[in-house]
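Just so it is clear, A, B, C and D label the chains in written order, and each chain counts residues from 1 on its own.
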Amino acid sequence: MKKVLSLVLALIMVLSMASFAAADQGASVVVGLAGDPGNIGPFQGMGLGRIGILFTTYEMLMVKDGSEFRGCLMKELTQVDDLTYDVELYDYIVDAAGNKLTASDIKFCFETAKADGNLPKLSSVESVEVMSDYVARFHFTALAAGDLESLLMECPIVTQAAYEASADKMATDPVTTSPYQVVDYKTGSTIVYKRNENYWQKDELLPTTSKHNVDEITFKIIPDPVQMVNALKAKEIDISAAIDGSYISDFMGVEGFDVTQIPDNTTKYLIFNYDSIPSAAERQAIAYAVDVEDIIAFAFDGIGYHAKTVGNNKYPDFVEAWNDEEYYEYDDEKAQALFAEAGVTAGKTYRLIYNVADDNTRIATTIQAALGDYGINVTLIPYDNALFGTYKYDDKKSGEWDIMLDEGGSSNLLTNVWKLTLDARDQTYDKTVGHVADEKLQSLIEAAINDNSAENMDAFHQYLKEQCYEYGLVSKVNNLAHTTVVTKAATCFRGQILPGACEY
Amino acid sequence: MSTAVKDTHAGVRSRRQGQFGQVMHRLRKNKVAMVGLVVLLLLILMAILSPYITPYDYAKTSKANRYALPSWEHLFGCDAMGRDILSRIMYGARASLWLGLMSTLVATVVGVLLGSLVGYYGGKVDNIVMRILDIIQAIPGMLLSIAISAALGSGIGNTILALSIGGIPMTVRLLRGSILTVRKQEYIEAAEKINCSKWRVITSHILPNSIAPVIVSVTMGIGNTILQAASLSYIGLGVQPPTPEWGAMLSEGKSMITKYPHLCIFPGLAIMLVVLCLNMLGDGLRDAMDPKLKN
Amino acid sequence: MAMLSVKNLTVEYTSEGEVIHAVNNVSFDLEKGQTIGLVGETGAGKTSIARAILRILPEPPARVPNGEIFFEGKDLLKIREEDMQKIRGKEISMIFQDPMTALNPIMRVGEQIAEVIHLHEHCTKAESVEEAKKMLEMVGIPGERYYEYPHQFSGGMKQRVVIAMALACSPTLLLADEPTTALDVTIQAQVLDMINELKQKLNTSMIMITHDLGIVAEVCDTVAVVYAGEIMEYGTKEQIFHNPQYPYTIGLFGSLPDLKSDVDRLSPIEGLPPNPADLPKGCAFHPRCPYASEECEKEHIELKDIGGGHLCRCCRLREIAALKAQEV
Amino acid sequence: MIRYIGKRLLWMIPVMLGIAILIFSIMYICPGDPASSLLGPSASAVELAAKREEMGLNDPYIVRLGRYLYQTFIKFDLGTSYKFGTSVFAGLMERMQYTLVIALLCMALQVFVGTPLGIMAATHHNGVWDRVSMFLALVGVSIPAFWLALMLVLIFAVNLGWLPTSGVSNGLASFILPCIANSFAGIASQARHTRSSMLEVIRSDYIVTAKAKGLSRRTVLFKHALPNALIPIITIVGNGMGMMLGGTVIIENVFAIPGVGRYMTDAINSRDYPVVMGGVLILGLIFSLIMLLVDIVYAFVDPRIKAQYEGRKGKK
């Protein structure tokens, strides 16, 4: 019995090793993904896993290449009037099925996406008009600063013919204009892409997102962080952006591996609930009392930097001067004085709500310990993602928290980060997420959104900082750990790995 | 009661204690079970006294001590926040033991009551109760817990409810299965015919003959319950940080497991110790209750 | 030599650290075709004697520290387990006390009989089935009930099955452990008649374990009175019934309802059997013995022949005789 | 017996209806917003509210329940996953293949390793074997599955490189570590239950009877004791199988196996209502069928129970 069993085991092992060896080592790369993309169809919402495969799967009219915007499918952009623009396409675009991409496909994509309602930003696209084979005219309802670019980057483009030929609205088998095409998708496990040999664009015109330096790309979904580390160590994956900070030293300066650190576009910040903490001094005191360097050490293994505003400094509308300003650096004396001014005494309790994740738990615990030094209690209320979302935006739940630990980022502008929680117009009730109904704040943010000039930005930033309605904590840094198969790691403007643009 | 007229090898009928007394007496003589009980009581004592006896403040963070390995200063080392793991385990015993033991107890009591009911009455009662259990068992535990948290709010009682619901169907099924095999035996019928109350028939004739699998399964399940408690803190139940709890310590240390294994090993060992003690006690209890071993 | 000869058999149980002396230095012989009755109260160690002979004591906790059991010249306590297996069920078989639990609940009754036939008679499966059906018929159960399960049988029927099983291979020695205790009175007589009849037919020797003197009178040739694991009195049925000497035996007869006399009530033996973990010093019966004196507590009393092979373990026989004479 | 089975199958209709209504109500009570996981973190509150309205999540309870029951029980359509955009039934079946492989392999390991261990422990009661195997069993149930899993990966995949660390793309090799890690507790509990049950049975009178027949130790053990001892184990195995088909979330997560457990947990976490409700219904059906199978097997091995089932029929 035992012998048979060991024989079977040995056999299985030999077979499995053979299958390893059989795998083509040629120009292919395996990327470890922590999130599950789920539906990879073009008009889906930006769920957490989707972003990792978005630019490998699709091309858009425009992309952001480094810090500049440029056309991808779009050759020319011409302004007609304030709210009308003409988009001219390259006239030689074909998708992998050989369908030519024309202006009517653009109209189709934007209309379908708008109707599906998963890309809510598109609501400011009033209509798309087909002017000629390769010119589409966009009519917008309103355009704030940066909106034009983000709208043209928002919607993935496919041909109507290919979309209608798909049985499941491309949920598993998108046919696109991208240089990589899905050849196999095991939901929840792997997505395999092969290079499209007949890719339409000439090499010299390629934006980073459309580069195709490798023949085959496999995205492997590995939800467990330790297993991500193990998979990289066993070289089953070549690169991952989801290596836990404490393991980075296992790959940094280690033979066969390398680490590239790229600032992430997300920032952790605190939202104070105005209903329970109406005093600016009290909010400032809390900001002074928390040592962000401690948070960086405890929650991010020392990798990250203290934010200078609510949002990080990667955005084009970030004002450089803020980098040299003071921004509530830890100051025990000021904290004590301000607490005294606000009449906060030992024994006071705050309820801190956060979305549960290892780093958030540690940030919250650090804040708890920091305020504990002043005799102030902090009750931690962790919620999972779905519950946190409900608590964050529900007016009725706002009585259940005093401080919220939140995270935000945007694809292009700092104002878009601010907008999410600080623009009362974006809430279902006429206050910010922190329940602030401050006319000055509102007018300043509206000004900044409409025109993100340095003055407007600075005016809002200074007022927000002074009032301390929200307080930026840490801007994160992405650790891209990879094997030396990848000689240069490349990411998109959203901090995601672009396997086609990496160098090998 | 035909079994009572058995010619046994060594009748010790001089002891005229109640059934409970006899069980306790036999339990006391079982060394292994007593060791289990004593260690368990010591753990409970440690939990009660923990605010006074932990070497450090369980919530005190320290940048210098992050991931500190076990040493004389910190016997079990320190966690990712530089907190002393020994102190956290000692204090964590409170929540973990209370949640683990209480929810196991509740699940067992309810499960045994229901199980005896359906096993004994059979027929319609059996069919209806078992189908209801089918329905409940189909609902994922996490969803039930979220619903409980949403409908009844947080709090230790609701946590125990959420944790125990999952254990009930298994207990009922096990008990029902083994009652079905003893249900039709003559001594049960005899007991019924001499007008023993139904309660008495169940407690002193049916249960002692069919409880063994339940005891085994309950004592083995406690570790799992403690681990589950950790997953409830995300939905508003369970214990909120920084109050330590073994399951949560384990899952906090999980992502560091290959790098700093001591973060996981010590809380894991603590859970194992409880499971071990309960198993030793459970085995003893089962032997003590087994009527075939009487006399 | 006798067919069965038990010499100084001792059985102990270890329970919760205590040593329980269940059988102490029991010796007796049994000739072919004869029946010996082991009589005594529940817990006196009778069953342990029978199980020791068949070597089916639960070990542990039971232990046989010394003694010899010669069966057809072999010491059963010394032979190998494999050899013992050939004897069990074939040459020595046993009827158990409780028919309710003695049968495997998930096996057809017929199969349980056929199993033993197939094992020992080296016949085919089909033959053993036929044979088992015959055995069922012999004990008064229709052969077609072969395929039924124990729960479909009444207590008396189950006991018949147990008996059929025991007799299936025509054993030379039958150990009957209170075969009728668990049965209704009317069925008791039937079963007893059946055992007797079958025994005659097969010329089987038997050890009848019982606390019922009526059964002893009906089936036994010799009688051993067992108390606290010891044989207290031994003799032919006539010797014991007509001339009981040992106070406990006398007590047993005293507790027998005598239909001829006008006694309104029985005179039971006062007190309870001793704790076998802590036997009284001297004569084990002395705490309950109406005739006991200091002498009885002093030392262990030997079994003495009081004439005609009638053995008795009492040091106050003369005094008892005198008292009896006075009563009359 | 057939009537009993038929009746039980009929009973499944109200059970399914009960599950559907209960799960629907629970999802209705449960806070959490499917729109937020669909639109991602950069959607604003107003956008989320609009999406909810579009999804029909703001309709009254009774309307939504009616719509759901009509869809499910009249049109036999479990709907389409919010997250995957594919049919819930197809998604579930695709993932079931992995879960089924794991469940069957684990059950086989549990039964064929756990049972002999338990028998060995019982027949050597209080001996060295008993102590050793029971200690192992104890360790088995108290080691957290993820810990064992990660340790196995570290040894066999990272250090020795014999097996893949995770995923399902290496055929059977992908399932070796998950199955070992997953069945450890099952083996342990099977061993303990078998031991306990065997000990109970070995003390029975009919085992003495069997011994007295002259049967060898082996025959007594395997023909008389084991079948009786296995009766209560049927429940354990059935229950375990049912639970495992519901997915083994921890193992699936650690080994990145796209099984039913991960599908369901992800769905619960992102409030993917169609998947949760459809999945619960299908898994409930599977579970009920397995429980029915358990009861049938019970009747098959234990004539006393069969008699009770048939007796019940007789009374009607």
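By our rule, a residue touches a chain if its C-beta (ideal position, glycine included) is under 8 Å from a C-beta of that chain, and two chains touch if they have at least 3 such contacts.
Predicted, not measured: the structure shown is a model, and the values here were computed from it.
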item	value
Neighbouring chains shared between subunit A and subunit B, ordered by label	D
Comparison of B-D and A-D (more C-beta pairs in contact)	A-D
Chain ID, smallest distance between chain and overall C-alpha centroids	D
Distance between the centres, which are taken as Cα means, of subunit D and subunit A, whole angstrom	37
Centre-to-centre distance between subunit D and subunit B (centres being mean Cα positions), rounded to whole Å	21
Centroid spacing, where centroids are CA-atom means, of subunit A and subunit C in whole angstrom	87
Subunit C-subunit D separation of Cα centroids, rounded to whole Å	53
Shared interface positions of subunit D, touching two or more other chains	31-32, 146, 150, 154, 203-204, 231, 302, 304, 307
Touching two or more other chains - residue numbers and ranges from subunit A	226, 230, 384, 387
Of all residues in subunit B, the ones touching two or more other chains	146, 181, 184, 254, 257-258
Contact footprint of subunit A on subunit B as seen in their complex	59-61, 63, 66-67, 80-82, 146, 233-236, 240-242, 252, 254-260
Of all residues in subunit C, those that touch subunit D in their complex	51, 54, 56, 58, 60, 81-82, 85-90, 93-94, 96, 98, 101-107, 115-116, 119-120, 149, 151-152, 162, 165
Touching residues on subunit D, where the partner in the complex is subunit B	11, 14-15, 18-19, 22-23, 26-27, 29-32, 138-139, 141-144, 146-147, 150, 154, 188-189, 192-193, 196-197, 200, 203-204, 231-232, 234-236, 239, 242, 246, 264-265, 268, 276, 280-281, 283-284, 287-288, 291, 298, 302, 304-305, 307-308, 312, 315
Subunit D partner contacts - residues on subunit A that touch it in the complex	9, 12-13, 15-17, 19-20, 36, 38-39, 41, 44-48, 50-51, 117-118, 120-121, 123, 168-169, 171-172, 186-190, 220-224, 226-227, 230-231, 233-234, 236, 384-387, 389-390, 393, 407-411, 416, 419-420, 423, 425-428, 433
Contact set on subunit B toward subunit D in their complex	122-123, 127, 130-132, 134-140, 142-144, 146-147, 150-151, 170, 173-174, 177-178, 180-181, 183-184, 212-213, 216-217, 220, 223-224, 227, 250, 254, 257-258, 264, 268, 271-272, 275-276, 279, 286, 290, 292-293
